[in-house]
Amino acid sequence: MVIILGDHQYGKAESRVVRIYRDGARHDIRDLNVSTALRGPFDAAYLEGDQSNVLPTDTQKNAAFAFAKSHGVGSIEDFGLALARHFVTDVAPVEGARIEIEEYAWQRAVVDGTEHDHTWVRRGQETRTAAVTVDATGEHVIGGFTDLVLLKSTGSEFAGFLKNEYTTLQETHDRVMATSLVAQWRFASNDFSTVDIDWDDTYAGIKRIIVKQFATLQSLALQQTLWHMGKAVLEAYPAITEMRLKAPNKHHFPVDLAPFGLENPGEVFIAADRPYGLIEATITRDDAPDAGEAWRISAGRA
Amino acid sequence: MVIILGDHQYGKAESRVVRIYRDGARHDIRDLNVSTALRGPFDAAYLEGDQSNVLPTDTQKNAAFAFAKSHGVGSIEDFGLALARHFVTDVAPVEGARIEIEEYAWQRAVVDGTEHDHTWVRRGQETRTAAVTVDATGEHVIGGFTDLVLLKSTGSEFAGFLKNEYTTLQETHDRVMATSLVAQWRFASNDFSTVDIDWDDTYAGIKRIIVKQFATLQSLALQQTLWHMGKAVLEAYPAITEMRLKAPNKHHFPVDLAPFGLENPGEVFIAADRPYGLIEATITRDDAPDAGEAWRISAGRA
Amino acid sequence: MVIILGDHQYGKAESRVVRIYRDGARHDIRDLNVSTALRGPFDAAYLEGDQSNVLPTDTQKNAAFAFAKSHGVGSIEDFGLALARHFVTDVAPVEGARIEIEEYAWQRAVVDGTEHDHTWVRRGQETRTAAVTVDATGEHVIGGFTDLVLLKSTGSEFAGFLKNEYTTLQETHDRVMATSLVAQWRFASNDFSTVDIDWDDTYAGIKRIIVKQFATLQSLALQQTLWHMGKAVLEAYPAITEMRLKAPNKHHFPVDLAPFGLENPGEVFIAADRPYGLIEATITRDDAPDAGEAWRISAGRA
Amino acid sequence: MVIILGDHQYGKAESRVVRIYRDGARHDIRDLNVSTALRGPFDAAYLEGDQSNVLPTDTQKNAAFAFAKSHGVGSIEDFGLALARHFVTDVAPVEGARIEIEEYAWQRAVVDGTEHDHTWVRRGQETRTAAVTVDATGEHVIGGFTDLVLLKSTGSEFAGFLKNEYTTLQETHDRVMATSLVAQWRFASNDFSTVDIDWDDTYAGIKRIIVKQFATLQSLALQQTLWHMGKAVLEAYPAITEMRLKAPNKHHFPVDLAPFGLENPGEVFIAADRPYGLIEATITRDDAPDAGEAWRISAGRA
């Protein structure tokens, strides 16, 4: 029996990089949470405590802040690519880099009906995300968001389901459906120096499609809603090859008001915290190129 | 030496009341987190375990949901008043009721450029709050919000401050200023059956004023910004008699990029979590009527 | 109508001060979260942006860290007193100081049955707290803790309560009772240079009493349990003059297993998140000395 | 181009199952957070909204509570196996089940030096975890914990690391090392009906080994500490075939007290929130059996 070191990675998580553009009176802001992880021949650090191949996580953090100035922060996909390429290209032992970024959105403060030049209010809806991996297999870019909270007060059913000895749920043809959606989409290329993607525009378009599907589909199940979201995005964006969706079913239970002599025709609900349903799906093209390690977020592989 | 029971109260915290209006094809939603607390002669429950005067917290919760139907949910100030009056008027031993409400805001989903009839996206900026107290001294209403996150990239200074042996901070005449503002405003009346306030409109107006002051004042200190926020609100709203503001100074430190051969003229910042400054102020009219227990949130009084 | 500045204060919140004692091979640790707030004639900072009386919050933070070395960290009550006295005594315009501290507890790692000299595991039960106020009225010390999570599987009843048209709750003579207790106790003196209190020992003793009362009282209501906790502490500790207790009733509902052909005689429960009952009480001596601003935590007074 | 449904799963997350054993005066408690997910031919639910193969998440929740009574809750690994086997064996279309459980630990309240029969205090250190997968490839069990918070005040170095143009970090041969460790260990078998493992005893032993390695190793890097933790566990437990460790490096920076005329020989630190290092490693046997989907937690595979 031999014990060996398997997959490993290390990096600096959650550097809070805020970039202000102040080229004129009208400033701009991008507000990021940047995590970097490096992969490569770092075995000696584990086995013998030898750091000679180890670029400190503090240095990785410094690079993130320096790049916010030298490269600039446009979209988070672009910033992640720049940082990942730097680690793989410029730091000799590094073989793979994984950059995960969250972006907090700000909207301009409105003063007397006019957008202000240098003041913003945090928007606080969903958090945009990017996950960029660069390694020997090429470049992999995943866009996405977390926690887009959606609710529809009708247009949702759940009936005809499988029943067994533990089933007590009643069927319904009109219920509240709510979720806090997590979405990720993988772009097809593995060399983004040769393709031209408007990352911000793509993001806005995908979000618009997802909201539309949620709103307009007469939903027979959250599963069906997810499928239509993914399918519609892939149909609209040839550059995207795969969607992953994760949707908690945030239950809103009608409250029984009969003991108080009141009817409740779908008007008063209690929003429950836990437990919640959790529905997940991957929607993909049948000819999607190999994902490499695009989806690998940690040291281990599934 | 005698040990006695001092102030006390009890209630049901955080009932998640969601009210849908579905009178036609176009639905409406109000999404609340309701906490109730009762005050009165409940000593026997503490001293002897005698519950004969105790309206269970479960019953208080039921009342909150029932009122969402029977009274309806317009503004949270109005809903809080109705619920507080019910407890004080209809439940014999109750002498005082405190209703605290948070409201989560939703905006209509936009589909193909049109607002959707029955689908919403959680807005996720600040959380609107109300605190209503009804007791023998009358009715007290406090409106407010928590966590309005604001940032300005210039127009903020901090200089000329007191220095002692522990001072290392440098003066600055141009810094990022950011906060996550908590505001509360007390209405002057103690009988709201006789006054006519458009609660929702007042809320929107106050928020607008606060954002404007934050944006346009050349700030010499966060203290000064708070004063001007409060003063401007009181000047605009005669019905409001007192403002309380609580503002964490969410530090954004310029990153030293010199070791990497880069200048940083106010462009790259690290957003720090802790510690943070915390600035608080009350701005009031000199003839403000007595607050009674309007500000008392718990069993104890200051 | 004149608009004026009312109560105000400012300070640095949540400085994470970790103090290691390494006088020999056996180290010690105290791990604090320190918040300071100053009160006094700071009106000009609000009204005119004049900082000449304002000791920066950054300086307050520096003092907290410096005192961790120069004064040392014994108990958090003692550390708070030293820091508060410093601000009031040594910084000319300061009239009052409020120091709030949380302490995170560590226990020594056990290696081969022996406590280790310099390694600890975070204990993670309740968080110990102190709130010290020093001003013209003297010194006020409040000890306490947050989030001591307690549960008993029997020995708790709730019956004989008031009923009205919104009551659906059933009476019970055997239920699970659980809470996440917040307790604060005020010491009677207003000059702690003349009294000798073993703060750490007092803390341990009070916690022991509270746990014992929770466990051994056949509880007719959470209210009654709180009363007995407070009474027992005041009886045991003459130096303490007032207790404040705040107890969420963390509901554990028996699950109806009858549809599955199973009995559930108090064995299977669902732990609910929200809503929860919230019971609060002050237990005090009838001759308790004036609290001054001991309980005032923010700019506003109740 | 064809768009297809890829991997998917659905279930009920975070059912808070509390099981009391009350066979005599001395009760016992197990306090769980149970998440279930099913895998199988559920395509029609996504593609057409056809639920005929879909066992509702509500039913899955009911089964979890029913099993807490009928099967009982011993260790979470055993409970997870029972539940997973039920779904795969008893529910016709289900092909795979994934059960993830967190366990909150309670210790008996001590009253007058004696452990109490039916009262507990939440222990609040690490959270124990289990992840059980049952499918056509057999049974897979992963034990583990999250958030074991450890700190050592000496015996940790970081030097000899790789430097580049972004490196500013100084080398150190004596620093505070702290982490909030996440550990998972995979058992070798794929049929646990034939092996006899004392899950609770194994858990306690692994935690003891991990704490010991953290305490006693003169650490040249957190990487090295992880390796020794994993290696020691695998050496001690032949039944375990693979360890995954994830360790945030919770930075404690020495505070510069020189401006205040004070020395700081490793005594006063500021505990930083973000960013933090994040070190991950898999330690495995070279002949570890295939993991199947043991590590797959979501719809997607890496």
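Order of writing sets the chain letters: A, B, C and D. Residues in each chain are counted from 1.
To be clear about the criterion, a contact is a pair of C-beta atoms (placed from the backbone, for glycine too) under 8 Å apart; a residue touches a chain by one contact, two chains touch by 3 or more.
Predicted, not measured: the structure shown is a model, and the values here were computed from it.
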Checklist outcome for this item: The chain pair with the larger count of contacting C-beta pairs, comparing A-C against A-B, is A-B
Checklist entry - At the interface of subunit B with subunit C, does the proportion of residue numbers present on both copies reach over half, so same, or stay under half, so different? => result same
Item to check | Centre-to-centre distance between subunit B and subunit A (centres being mean Cα positions), rounded to whole Å | outcome: 31
Checklist entry - Using mean CA coordinates as chain centres, what's the subunit B-subunit C distance in Å? => result 23
Next on the checklist: Counting only Cα atoms for the centres, state how far subunit A is from subunit C in Å.
Outcome noted: 38
Checklist outcome for this item: In subunit D, the residues touching two or more other chains are 15-16, 62, 66, 166, 168, 259-260, 273-274
Checklist outcome for this item: Seen from subunit B, its contact residues with subunit D in the complex are 165-166, 168, 259-260, 273-274
Checklist entry - Can you list the subunit B residues touching subunit C in their complex? => result 1-16, 35, 37, 42, 45-63, 66, 90-91, 93, 158-164, 166-169, 219-221, 223-224, 226-227, 230-231, 234-235, 238, 242, 244, 246, 248-249, 274-287, 293, 295-296, 298-302
Checklist entry - Across the complex, what residues on subunit B touch subunit A? => result 15-22, 27, 29, 31, 62, 65-66, 68-70, 106, 109-112, 116, 118-125, 148-155, 176, 208, 211-212, 214-216, 252, 255, 257, 259-260, 262-273
